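In the two complexes that follow, chain A is the common piece, with chain B as its partner first and chain C second.
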Partner chain A sequence: MLANLVQFYLARFRINLAVQFQYRVAMGIWMLGLILEPLVYLCVWTSVAKTQGGTVGGFGPGDFAAYYLIMLLVHHACLIWHMFEYDFIIRQGILSNRLLRPIHPIHGDISENITYKVFMLVILLPAFGLLWYLFKPEFHTTVGAVALFPFALLMAGALAFFAGWALAMAAFWTNRTAAVNQAWFVAMFFFSGQAAPLSLLPPWMQDVAFYLPFRWMYSFPIELCLGRLDTRKILHGFGTQALWILGFLIIMNFAWRSGIKRYSASGG
Partner chain B sequence: MDSPVVCVEKLSKTYLTPVRPEGLQAAFKSLFNRTTKAVKAVESIGFEIAAGEIVGFLGPNGAGKTTTLKMLSGLLHPTGGMARVLGHDAKRREHAFLRQITLVMGQRNQLVWDIPASDSFALNKKIYNVPDAQFKETLAELTELLELAPLVSKPVRNLSLGERMKCEVAGALLHRPKVLFLDEPTLGLDVTAQRRIREFIKTYNARHNSTVLLTSHYMADVEALAKRVLVIHHGKLLFDGPLADLVTRFSPHKTIILDFEPCERDPANYGTVVKTEAPGRVTLSVPKDQTAAITARLLQDFTVKDLTVEDPSIEEVIEMVFADGTRQETATPSA
Partner chain C sequence: MFRHLSLALHYFRLGLATEMEYRMNFFIQLITACINLAVSLGGLEIIFSHTQTLNGWTHTELLALIGVYFLMSALIHTIIQPSLQKFMEDVRGGTLDFLLLKPVEPQWLVSVRQVQVMQLANVLLGAVVITVALMRMGTAITIAHTAAFLLALTLGLIIVYCFWLMLATLVFWFLKIDNILVIFESLYEAGRWPVGIYPAWLKFILTFVVPVAFVVTVPAEALAGRLSPQTLGIGVLLAVAMLVLSRWFWRRGLRRYEGASA
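Moving on to the complex of A and B:
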């Protein structure tokens, strides 16, 4: 069973890669957007720090550079687009093709997600190196924290994926999922640590962020990598990530089972 | 006797569709009070199909054919009743069930658009866990039957509709399904491509003793492939039996094509004129039990150059069946 799944993932990986190669320019533009977004925040916050006499809330230009450079990696790991696609996939009946196969459709999406992320490293890593050279980030971290970062990144990627897939299931109930997605991404922008490091936000926003899933996707792995968390907070962070993943797996599973009963397989 | 491969009992599907009168006021009201209407797409139908049978599924647009096929392949959950295929409850979509069936829908793209079909075939091999030897053998067989050799290495987006359809059919059969649900498999294809697909289905069925349920708007497909037909209209099964019986049962008329020397007599006095092609050539529809007598009178009263007696075409009979179904429904509205 597991061997079959591995064979499927390898075959899908080859096909996804072949498809990605067909759309090199589009992928390049997509990637450019992905790099520019944290870059803009970095430039804004660096300017603010300079006008404030060098630091904002303990963050100097070098700290902001480190924060947003790590965010570049986290943003890449947490990127998910399936909630935008499922509206179309369900409405047009494209899901029917996937339902006819003796494999859960999520496996196709996971493999697509992994392929994209691996493929895009070819662009992302040189860009990361170039920005490092230009913005001169300052790290005050430990070897242990850096060693744990890939695990936190992996967990963040998994959390973002399962949360996004659970959100995508909304398309079984409404064909106007754009509004739901918009609300999700606005909340993510403010409460994840994208707009600003969470410690710069008002206390009430920090409290709200603590109980939402977004900071465990973004802020936690970044703060971990920057060496800003003690052992207790690190353990708590991993535990919370695991709980959110479990929670979204349960929601996703429930939504999927209820959703396919409603599915009208329209469009053919 | 072997148990049937497809077993359908009191199968129903009702869709709830939102209803909203036009106008701004109605739009505003619908924000708070949404009303829906139940549309019965399939109403308590039942039939069985034995292993190796090819059955034609006929009905006008919106009759419930595709909905039934989707319930049989597990895509749709029935509102009521049961659909069992190869002993599996279709709606549960168990992997053991999905490995043994296929659903081909005309104009539906299952192959990956940007890469050659051969790559999609390789992926299907992994999905269905087809052993190497069987995969090679099946692919060789499909390549021969569907003449795929020049097509499989081209990106799917560069294929013509007919070429793509052939690849779609091949992709849907690589796992050698025991049951084929074919929904308009020849839709939009030219006559040659239609014939090829038709011949292929026949050969595949003969070689693998597969069970086929086929819908098509082209009666040529049904006549060439199916000995038995199911006729569905407004979600109700109107007929289940041999194609030949459909004509006998639903057409109480025969068609007489008469070529004659024009004269003062009017052919309309001998039957209903269906068509007048030229002054000396008419097509008459006459009651079946009076065909012999009317033919004798025509031969006696006209200078006949040629006379042909035919059953009406299947298309005409089907139209009659649908008209009959509508009349029955009008007479006895369903609860």
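Moving on to the complex of A and C:
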């Protein structure tokens, strides 16, 4: 069983890589857009810091640069597009084909997601280097914190993926998923630390952010990497990430099972 | 001239008739736009809880800028984007032939052919935000003030149209480049804020490569009453240059068109 799964993943990687290589220009352009997103708020906050005489809430221009540059990596790791895809394949009935296969469709999605993220490092890493040179980030971090960052990043990626996949299941119940997805991304924008480092938000927003999954995707790995967290907070962060992943795995499974019971399509 | 305008009006009516079949979409569109606006306003509130000005712009002035951003975005997506997108599909599929046979200037036809009336909800929203900002500014609105704003707005529209036309015209050389329009969309996002906040290299790109500066920041400066005549002059020159350049580019592209099997 496990050997079969490994074989499946290896085969999918090869196929996905071939497909994505065909669309390299399109994907590269899309990637550039994603890189630009965090830069806008980096420039906004740098400008605020300068007006305030150097720092705002303990962040100077170099700190903001470090924060948003690391966000570039986190943003990439947390990217998921299956909520848009499932809206289409459920409405059009394309899902039927996938249901016929003797394997859960999520495996295909996971392999596609990983291939994309690895393949796009070809663009992301040079861009990251260039932006590092242009924005001159300042780091006051420890070797230990940086060493732990990749693990937090992987956990964040997994969390974002399973949460996004659970959200994609909404398409079984409504054909207005665009609104659902928009609400999700707006909440993520404010409560993950994308609009501003969480400590710069008004207190009530910080409280809300604490109980939502988004900060464990963005803010936690970034702050960890910047060396802003003590041991207790780091342990708490990894623990909360694990709990959210577990929670979304359960929700996802439940939604999938009751979803395919409702699902019907004709033709195909 | 009159014939061309009435033609555009016909396409507008056609678009309206199509949309009337999906009235619900209009409200969905409006709600989406409102959420989108709320994101901008929320970001503005967070930032202004830490500062009084951003690169010399006050809270109210930035509100006006957000209004201009929405207004322009909506105008682009009402006519320019859908029409040129359709044009690119036509070149790819070879169906541009039918359009070329018609006794009307083809550049005009491809530019006004597809109208997304729904987007007018966003135009309305942008206008409301601008009005609120103007009322909060409390400055007397003079004729010169209004004229400068309308001129800046018109220049912005001309510049952005020429830019889109040139991007779309590339399809005559490279068939599969519909993605190139995504570049504009993502760079236009940067226009939610005045271009002055960006570092020099990015400011240059946003002014002369992808002309976001003249599309959003400059009309907003006119609203705030500190648009310098020099900037307006550069805007006029740029608009004229873009008109000439895009026209020349369009004709060169069209000469390459071979059609498909249609």
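Just so we're on the same page, the second predicted complex is superposed on the first by the 266 of 268 C-alpha atoms of A that agree within 3 Å, B and C clash if a C-alpha of one lies under 4 Å from a C-alpha of the other, contacts with A are read in each partner's own complex, and residues count from 1 in each chain.
Everything that follows uses one rule, which is that a residue touches a chain if its C-beta (ideal position, glycine included) is under 8 Å from a C-beta of that chain, and two chains touch if they have at least 3 such contacts.
Here the structure is a predicted model, which means the values were calculated and not measured.
Asker: Could you say whether A:Ser96 touches chain B, chain C, both of them, or neither, answering first, second, both or neither?
Answerer: first
Asker: Per the contact definition in the header, classify A:Arg12: touching chain B only (first), chain C only (second), both, or neither.
Answerer: first
Asker: Tell me which touches more residues of chain A here: chain C or chain B.
Answerer: The partner that reaches more residues of chain A in the superposed model: C.
Asker: Based on the superposed arrangement, let me know which partner A:Gln22 touches: chain B (first), chain C (second), both, or neither?
Answerer: first
Asker: I'd like to know which partner A:Ser264 touches here: chain B for first, chain C for second, both or neither.
Answerer: First partner only, chain B.
Asker: Once chain A of both complexes is superposed, is A:Ser199 in touch with chain B (first), chain C (second), both, or neither?
Answerer: neither
Asker: Sort out for me which residues of chain A touch chain C in the complex.
Answerer: 25-26, 29-30, 32-34, 36-37, 39-41, 43-48, 51-52, 56-57, 134-135, 176, 178-179, 182-183, 186, 189-190, 195-196, 200-202
Asker: Would you pull the chain A residues touching chain B in the complex into a rising list?
Answerer: 4, 7-8, 10-12, 14-15, 18-19, 22-23, 96-97, 99-103, 260-261, 263-265, 268
Asker: Tell me, which parts of chain B touch chain A in their complex?
Answerer: Spelled out, the residues of chain B in touch with chain A are 15, 66, 70, 73-77, 93, 95-96, 98-99, 101-103, 105, 107-110, 112, 114-115, 119-120, 122-123, 125-129.
Asker: Taking the touch rule as given, give the residues of chain C at its contact with chain A in the complex, in rising order.
Answerer: On the chain C side, the touching residues are 28, 31-32, 35, 38-39, 42-43, 46-47, 49-55, 177, 179-180, 182-183, 185-187, 189-190, 192-193, 197-199, 201-202.
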